[in-house]
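To start, I am sharing the structure in question, which I have written as C-alpha cells.
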Amino acid sequence: MRASPIQPTVDFNADGEQHGFLKLPHSHDVSAWGAEMIPITVIRNGEGPTALLTGGNHGDEYEGPIALSKLAATLKASDVRGRVIIVPFMNFPAFRAGTRTSPIDRGNLNRSFPGKPDGTVTEKIADYFQRYLLPLADYVLDLHAGGRTLDFVPFAAIHVLPDATQQARCEAAMRAFGAPYSMRMLELDSVGLYDTAVEEAGKVFVSTELGGGGTATVQSVAITERGVRGFLQHAGIIEHEESSRNAPRTTTLLDMPDGTCYTTSEHDGLLELCKDLGEMVDSGEVIARIYDAKRTGAAPIEYRARRAGMLAARHFPGLVRIGDTVAVVADVLERGIPVTV
Amino acid sequence: MRASPIQPTVDFNADGEQHGFLKLPHSHDVSAWGAEMIPITVIRNGEGPTALLTGGNHGDEYEGPIALSKLAATLKASDVRGRVIIVPFMNFPAFRAGTRTSPIDRGNLNRSFPGKPDGTVTEKIADYFQRYLLPLADYVLDLHAGGRTLDFVPFAAIHVLPDATQQARCEAAMRAFGAPYSMRMLELDSVGLYDTAVEEAGKVFVSTELGGGGTATVQSVAITERGVRGFLQHAGIIEHEESSRNAPRTTTLLDMPDGTCYTTSEHDGLLELCKDLGEMVDSGEVIARIYDAKRTGAAPIEYRARRAGMLAARHFPGLVRIGDTVAVVADVLERGIPVTV
Amino acid sequence: MRASPIQPTVDFNADGEQHGFLKLPHSHDVSAWGAEMIPITVIRNGEGPTALLTGGNHGDEYEGPIALSKLAATLKASDVRGRVIIVPFMNFPAFRAGTRTSPIDRGNLNRSFPGKPDGTVTEKIADYFQRYLLPLADYVLDLHAGGRTLDFVPFAAIHVLPDATQQARCEAAMRAFGAPYSMRMLELDSVGLYDTAVEEAGKVFVSTELGGGGTATVQSVAITERGVRGFLQHAGIIEHEESSRNAPRTTTLLDMPDGTCYTTSEHDGLLELCKDLGEMVDSGEVIARIYDAKRTGAAPIEYRARRAGMLAARHFPGLVRIGDTVAVVADVLERGIPVTV
Amino acid sequence: MRASPIQPTVDFNADGEQHGFLKLPHSHDVSAWGAEMIPITVIRNGEGPTALLTGGNHGDEYEGPIALSKLAATLKASDVRGRVIIVPFMNFPAFRAGTRTSPIDRGNLNRSFPGKPDGTVTEKIADYFQRYLLPLADYVLDLHAGGRTLDFVPFAAIHVLPDATQQARCEAAMRAFGAPYSMRMLELDSVGLYDTAVEEAGKVFVSTELGGGGTATVQSVAITERGVRGFLQHAGIIEHEESSRNAPRTTTLLDMPDGTCYTTSEHDGLLELCKDLGEMVDSGEVIARIYDAKRTGAAPIEYRARRAGMLAARHFPGLVRIGDTVAVVADVLERGIPVTV
Amino acid sequence: MRASPIQPTVDFNADGEQHGFLKLPHSHDVSAWGAEMIPITVIRNGEGPTALLTGGNHGDEYEGPIALSKLAATLKASDVRGRVIIVPFMNFPAFRAGTRTSPIDRGNLNRSFPGKPDGTVTEKIADYFQRYLLPLADYVLDLHAGGRTLDFVPFAAIHVLPDATQQARCEAAMRAFGAPYSMRMLELDSVGLYDTAVEEAGKVFVSTELGGGGTATVQSVAITERGVRGFLQHAGIIEHEESSRNAPRTTTLLDMPDGTCYTTSEHDGLLELCKDLGEMVDSGEVIARIYDAKRTGAAPIEYRARRAGMLAARHFPGLVRIGDTVAVVADVLERGIPVTV
Amino acid sequence: MRASPIQPTVDFNADGEQHGFLKLPHSHDVSAWGAEMIPITVIRNGEGPTALLTGGNHGDEYEGPIALSKLAATLKASDVRGRVIIVPFMNFPAFRAGTRTSPIDRGNLNRSFPGKPDGTVTEKIADYFQRYLLPLADYVLDLHAGGRTLDFVPFAAIHVLPDATQQARCEAAMRAFGAPYSMRMLELDSVGLYDTAVEEAGKVFVSTELGGGGTATVQSVAITERGVRGFLQHAGIIEHEESSRNAPRTTTLLDMPDGTCYTTSEHDGLLELCKDLGEMVDSGEVIARIYDAKRTGAAPIEYRARRAGMLAARHFPGLVRIGDTVAVVADVLERGIPVTV
C-alpha cells in the first residue's frame, strides 16, 4: 500500500512539547496547491507508555476539543513519563465547519476506517491514524458527545471484546475516567468504526459521550478534564493528584442491550420529549409526542417506551424528521461504583 | 394603505374552536400560484377579553410552539370566557426551516414592525399582526427562547414604559406568568420591534426567554405551560386552578441596566464558558476563554466580566465568531417574589 | 425621477429591421462592470400604429419566447405598416435561468410595476417598460403560460376595465388573437401588475395563458403564432392572410368570477388530479387526491370542487405543497364564438 | 459479503396487509442517528406467486407512485393469491426531493446495481433489492416515466434476452400490461441497470415509460392502473375482471433499433419541437429548431430526423443544453395488437 | 433620522494610536445577538487636518487593504499632526468573503450612499460613513483596484466638479498621490456613489484604481504606499521625506471622455485580448477575440476598438459573458507630468 | 475491462480537418438522457507521427484553451504531415464552470488517471484518454497555467524518467517548445497523474505552466503559440518557419529539488508578497507577510525563504488560508540556453 500523503511537522520521537500539524495536501478550486492542516501536539519525556487522545472525530462535539486544547497548552514534558499525542480536532475540516461530517467529502470519520491513502480527505485522515498513529499508542481515548442533533447523559464507554484480558484493561481505564455514567456496549454495527480499528490493534481503548447539542458547559468540560487526567494517571503517564484521591466519586453502570432501547420517529414534526435525560421511564409510558406543526388542533402522535430504564440519550433539535432516533432508554446495571484510577 | 393580501380561513367572531390558516399568497419559482399557510386557532365563548398568544416569532425557538400546539389541541370553548387567538408558529416559513429568520427573505419578524402589505413575506406577516390581530387583543403574550445560538435562564419580561399604569398592568401579568426569573428591561433599541408595536397599541404585553439552544426540555415546557395558564387566568379568560393555588412559587427579579452586562467576542474560535447559566460572577472574573483552534499550544484569549451579577444568557454553539455576544450578566434585584395570578 | 440606466442599442424611430439589446448595467461579484443584455427587435416601416409584443415576463414560460423569436427572425419591414417592438425574453435573467423569477433578485417582473430606475434589476426593467416602451405603443400583447408549476387550457384574456370603450377594444383584440379559449377577468389583486400598468396607460392590451409545465408543444406554439398574427392584423400592422379568412375558427368564453373557482392544498404530498384540463366537473365532485407519500396504506385526502365548471388550470408537478393552487374551475360562458380579425 | 444495514419493519412471510418501512440507518449532519425510511407494503394470502411492484426508481416520475399508493391503500389480502410487495417510492430520498437522482449522493438508483451494503445510500438501496427483495419475487414490474426532462408516448417494454423462454414470458406480461404502446428493446448499455439485475435473476420483468414532464394526468394514471391490474392478473395473483374482458384494447409495437433513432443537441438554446409525441416523421424532415436566445434576429439551428418513424420521446423543458437528447424516433413494427391478460 | 446602530470602540478625539472596531449589530441565523466588527484605527496628535483613508470598499481589491494595514500597524501619533482615520476593509463582510459585494445582502457599498440607519447591513455602513465619519474628515482617499474581474493600469483619479476650487484642490492631491497614471473623469452615473457623497460634502477627495485580478503585487503595493504617504504629506499631516524629494517621478494624464472608450461583449465565450494593459491601440484595430468554446473549428468573434488610445482596463477572467466590459481605451492627454507633494 | 461509454463523433483515421465531440452520456437531474460534449479536432494528412495537444486539464487555466482554439480553427490538413489531435478543454465541465475541478464530481482530472469507464464523469474522461487517445499518439503536449489560485513564471517542463533515452527525447521537445523558462522535475507524488500515464506509455511528453491567476495575456498566449508550433515542428508534423529560424531565443533552466522550495501558510489572512515573480530571493529573506485582517494594529506574520533562488510561483489571491502554498523558490541551473526546434 502506498505511503500516506500526510506529513507531520512534529517529530514523534523527540522529547519536550511540540505543537505542529498533520499536513494533508488538498488541491481544490480555491487552492490549487493547498493543504488541510490538522493541529497536533506531542509531549514526550523519555521512555514510557504512549497515550493517543482525540477530540473532534465528529466536528460538532466540543468537550473533547476544549479539554484537549487546554491540556495541549498546559501540559509540560516534565509532568509526563512516556508520551502523550493530542489531536483535539481529528476531523479538522468538519470541526472548522461545526458539522458532524466533513464539508469536503461529507465523510463521517468515525465510520471511515481503515481509510485509504488515495481516497477522500476523510479516508486519508483515517488511514493516517490507522497506519501511523495507532501503532505508536498503548492507550487510546476518543472523546465524543452528541453533537448538534443528540444529547446524552455523560458517560465513558467500552465494548464487549472477544479478548477478556483486553476488555478488563479497557474496563479499568473506563473506571479511571470516572464519568458519572459508564457504559458497556455490545457493538452491533462495527463497520468502519474507529473504535474497532483501535481495539483490533490491541490497544486499551475508552470512548465517551459527554453531553451534546453542539455546545459544552462548565460541568461537562469539568467531567471531561477530570476523566482525561484519570485516564493518563491510570496509564502511568502522569502522577496521581492528591485531590483526586481525596474526593471519592462514583459512576453508574448502564447497558443498551438491544433494539428496544431505541425509539425511532416515523413522523416529521415538532418534538415534545416527555422525560428529561437521566429520568426513569416505565415500559409503555409516553416518552415523546410529535406535533404535525403544519396545522393546529390535531392531537400529537405519541411514542411509548418499549422498555423500562433511564433516558440516556435524546434527539436534541426542536424539529424531528422521520427516521430520527427520538430517545434511547438504557438499563441501569449498577449504581455507586467507586471511581478508581 | 392597501389591504393585507393575507386572508384568514377562520372567523374571529364565531364561538367555538376553530383551527385554520392565515393564507398569504406567495408566487415563486416552485409555485406560481402558491401561498404560505400560517396555522391559527381561535377559541371563543361569548363576550370577554381577548388574549393573543404567539410562538415561533423566531423560527428556532421551541417552548412557545410546543406549549401553544398543546393548548390549541386541548382548550375548549367551554373552558373560556372571551377569546383566545393562538398562532404557535408566527414566522411560519422560518419555523418550518428551523431558522431564526425567514428562508424566503431572511426577515427577522420580531424586527419587521409595523410591516408592509406590499413588502416582503415577513413584512406582510408583520403588517397583518399590526393592523388586523393586535386590534382584536387586550392581552398579548409572545413566547421566545434563545434559539440555536443563545441560551437563557428562563424568564418572563416587560419593558419600562412611559405609561406607568400600562407598565403596572404588564408587570402584574408577568408575575402571573410566574417564570423562575422575571426581567424588567429598558429597551435601548426598539426599532421595528413587535414588543414596541404591541405596547404602543396600549396592550398588556409580556414576552419571555425560556431556554435556548434550538431545543426544549420537559422542564422548560412545563414552565411555559404553567406560565401561559397563569397569564390566561390573570386575564380572566380561564378559571384559576386549585393546584396553582396550592403550590406557591416564587420568581427572582433581574435587571440588565446597561452595556457592561454584555460581553462581545473580538475573536473567532472555540468557546469555553467559565460559568454556567444561573451562576454568580464577580466583576473582573474570567467568564470565558476562546481558543484559536487552528493550532494547539497557544494560550486562549480570556474574557472577563465587566460587572458582577448572574450569568443570565450565553452563546450556545461551541464555536464563536467575532461579534457574537458571549455572555450576559444580569443584576439580581430581588429573590423570592411570590407568583400571584 | 432619474433617467433609466438602461440604454437601447436600437433606434426606435429608424425604418427597417433592427436586432439589438436593452443594456442594463449590473455590477456584481462575477463582473464588476457587467450588464444584463435584453434582446430586442424593432421592425418599422413608416407611420402607423405600434405593437409591443412580449414573452418571458416569467422566465419559465415558452410559447411567447418561441413564437416571438421566430417572428423577430422572419418579419420584414416591408411586411409592416407602422412598428413592431418585440421583446421575447422580457425578464431575461429569469428566462436564461429557466425560472419564474429573476435569479438576481428573485423579482417577479409581472408584479414589479411601475418599477424604479434605482431599484433592483427587475425593478429597473419594469421602470424601462413603464416609462420608455409603453409610451411608444398602441397595442400591447404579453404572452404567458403556466410555467413549470401550472398548466392551463390555452386562452387569451382581458380584464374588466372601468372604461367601457377601452374594454371593447381589448375584447376585439382578444377575439382576433383567437385562442381556443378566451377569458374575461375581474382582477382582484392588481398590485404591481404589468397588465394594470398597460391598461392604465390606455393601451389595447391582451394577455394570454397558452399551456404550461415549463415546455411548449407544436400545438401550443401554433396557437400562439396564429394569435400573434391575428393580433397584428387586427392592429392593422400586417396584412390579413387569405388562409386565415378561409379557415373559420371559434373560441370558448370562460370566466373565473370568484374565490370558489380555486382549490388550495392544505397538505404536502403526492398529487393525483381526477380531471384533466378541459374536462367538466360537478360541484362537490372529487377533483384531486393527495397522498401523504411518507408511508403507504393510508387513504389520501380528497379535495372536492367548490363549484361546477371546466378544469381550466392545474398544479403541474407531481408533488404538491401546502398553499399551492391545486385546480381552477372556470365557468363556461359561451362556446363557438367565431374568431374575427 | 456483509449483511445489508437495511431492516424491514414488515414480515414478508406473514399473511394480511402490512404497511411499514425499509429502515436504512444514515448518520449525517442534521441527524447523527438518523435513518431513511422507505415505505413498503406487503400483502400476502397463502401460497402463490410473488409480484414486486416498484415506482419512484427515479424520483421525478409520478405514474408509478400514484398508482402504487392507491393499490397499497386499497388492495386486500383477500383479493390476492400469493404475495404482492409494493415499493411506490424506491429511491425515496430522490422522490421526496422531486429529483431524478438522490439528493444525498446524486445516485441514479436505476444504474446502481448490484449495489453495495457499505456504499452510498443509493447503493445500499440497490443492494437490498438485489439480495433481499428480488429473491422473493417471481414477477417484477418497474414503473417509469420521462421525469422532469423527458416526455414519452406511454409504453411498456421488455428487453431482447438471451433466454428465449424468459423473453417470451416477459413479452406475454408486457402484453398483459396493455399500454397503448409496447417496446421491444435491445439494451446497448446495461451497466448497473436494475432491469438487467432482475432479468439475470431469471424473473419475469416488465418496465414502462408512461408519460413525463414531472407530472401525471388522469389519462396516464389510468393507463398505469389498468396495466398494473393486467400484470397481476397475468401473474395469477388477482382475479380477472369482467370489465377487462369486455373492453378489448390494443397496443402498438415499437422498436428503437439503433443510434439513428436519437437526435442529440449540439447547441444550447430555446427549443422548438416540430413534431408532437405520436406524430410520424420522415427521414430528413426538420424535427426541431434551436434558437440562440441570447439575441434576436438570427435563424435557428435546424435538426433533421435521421430516420423515418414515430416521435416516441422528446426533451421536455423549453430550454435545451448541448448534449441533451432532443427527440427519439421509433420504428412502428405493428399496430392493433390485442391486449390479452 | 434615527441614530446609527453602529458603535465605535475608539474615541475619535483622543490622542495616540487606537485600534478598535465599528460594531454593527446583526441578528441572523447563526448569531441571534451577533455583530459585524469593522476594524478601524485612529491616530491623532493634537489639532490639525483629518484624513480618512479607506480600502476594501469592494471586498476583492487588495492594494488598499495591504497598504493601510501596514500603515495602521506602523504609523505613530508622534509622526502625525492632526488625525488619520484608517478603515482598511470598509465593506468588511465583502472583504472577508473576498467578493466585490457583501455576502449578507449583495450590497455594492460604493453605490449605496447615502445609506440608511435601518436598511441593509451595507446601507448601515454607508450611513455611518455619510453621517459620522465624513464630517470628521478634510481629506479623503479611497483605494480601489479592479477586483477579481477587471484589471487596470495603476492610476489615481478625480472627478470634474462643479466647484473649480474644490476640483483644483483634488487635482493637487491626486498629483501628490503620484501614481504612474492619473485620470480626470466626468462621472456619467453618480447614483449612490461614495465619491459623490464625499465630494458633495466638500472634501478633498482622491480615488484610485491600482491593479486588479483579485491580487496585489510588490509593484502595485509600492505604488499604493508611496501614494498614501504623498497624500498625507500633501495634507500636511505627515512630514515630507527626503527620499521622495530626491527621486522625481512623473505621471501620465488619461481621460475617458465618452462611451466609445468602452467595448462590451455581446457574446459568451473564451476571451483572447489582443493588447496588454498600457499598449496603444488604433481605432478599428482588433482588440479582442471571443471563442464560442463549446465547439472547435469556428472562427472567433472579433471586437474592434471604437477609438484610438491606450488600453487602460480589461476584463480579467479567461471566460467572458455577454454584457461584460471587455476593454477600455483611454485618451492620453499628457505624459511626464512631475509628481509634486 | 468494459468499453468506454464515450463515443467520438470524429474518425481518427480520416484525412482532412474534422471538428466534433467526445460524447459522454450523463444522466442527471436536469437531463435524464444528457451528455457531456467535449470538443475535439482531428487534422490528418496521410502517414506520419501523431501529436496529442491538450488544454483545460484544469478548468481555470487559459493559455492552452486559447492557443489550441486558434490552432484548431486555422490549421489545415495541407499544413500537416501525420496527425494532430486537439482537445482544448480536456475537463470540459470544469472549463465551462471556470473552476480547477469538475462541478459534477469535483474531480481533478490531472490526478484521476488511469480513470474508470464506470466511474465518475472525470474518471470516464481519464479512462478515454488512457485507453483510446494515448495509444494513438507519439508526441503529447499538455498546456497548464496556475489557474485562479497560483501564478507562475512561464515554463515548459519534463520529468526525470527512468529511461534515459525517453528523457532525452522529452528534453529535446521541451527545448523546442522554447518557453522563457524550462524545468526539469523529479516528481515526488505521481499518484494518478496524467503526466505519469503518458510517460509510462512511452510517449514524448512535455507539460507547461504558462502564467496564472485565471486569465491570459497577449504575452503569455504568444509564448504558448510559439511553443506549440515549435513542438509540432520538432515532431516533424509541421514545417519549420523561416521566422523562427531567424529570431534566436533562449530559455533558462530551473529546478525545484526538494521541499525547502515551498513555503506553506500556517495562517489565514491578507497576503503581502515581498517578491514578484522572477525576482531573486536570499535564504532567510522575508518573502511574504500575512495580516490577521480581522483587526488593525497588529504586526503581520513574516514568512522567510528557506532557500535562495528565484520566485517561480506564488499564491495569487489577495487572501490566503492556512495550508496554501504561498511561494515557490526555484534554483536557477543555467541561463541563456538556445531554443532549437
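Order of writing sets the labels: A, B, C, D, E and F. Residues in every chain begin at 1.
Note that a residue touches a chain if its C-beta (ideal position, glycine included) is under 8 Å from a C-beta of that chain, and two chains touch if they have at least 3 such contacts.
By chain, with names taken from UniProt: A, B, C, D, E, F = N-alpha-acetyl-L-2,4-diaminobutyrate deacetylase.
None of these values were measured; they are calculated from a predicted model.
Considering the contact criterion stated above, the chains in touch with chain A and with chain F alike are B, D. Counting the residue numbers used at the interface between chain B and chain C, under half appear in both copies, so the two copies meet with largely different residues.
A comparison of the A-C and C-E interfaces places the larger number of contacting C-beta pairs at C-E. On a Cα centroid basis, the chain most remote from chain D in this structure is E. Remark: rotation between chain E and chain F after Cα superposition is 180° (nearest 5). The distance from the centre of chain D to the centre of chain F, with each centre set as the mean of the Cα atoms, comes to 44 Å. With centres taken as mean Cα positions, chain D sits 35 Å from chain C. Annotation: 59 Å between the Cα-based centres of chain B and chain F.
Contact of a single residue of chain C with at least two other chains is seen at positions 21, 37, 60, 266, 294-295, 322. By the contact rule set out at the top, the touching chain pairs are A-B, A-C, A-D, A-F, B-C, B-E, B-F, C-D, C-E, D-E, D-F, E-F.
Residue ranges of chain C in contact with chain D, taken from their complex: 17, 19, 21, 37, 39-41, 60-62, 65-66, 69-70, 72-73, 86, 88-89, 95-96, 98, 151, 213-219, 221, 270, 272-276, 279, 291, 293-300, 316-319.
Chain F contributes residues 2, 5, 21, 23, 25-37, 118 to its touches with chain D in the complex. By the touch rule above, chain A contacts chain C in their complex via residues 266-268, 294-295, 322. Looking at the complex, you find that chain F touches chain A at residues 58, 60, 99-101, 106, 108, 111, 146-150, 189, 191-192, 264, 266, 321-325.
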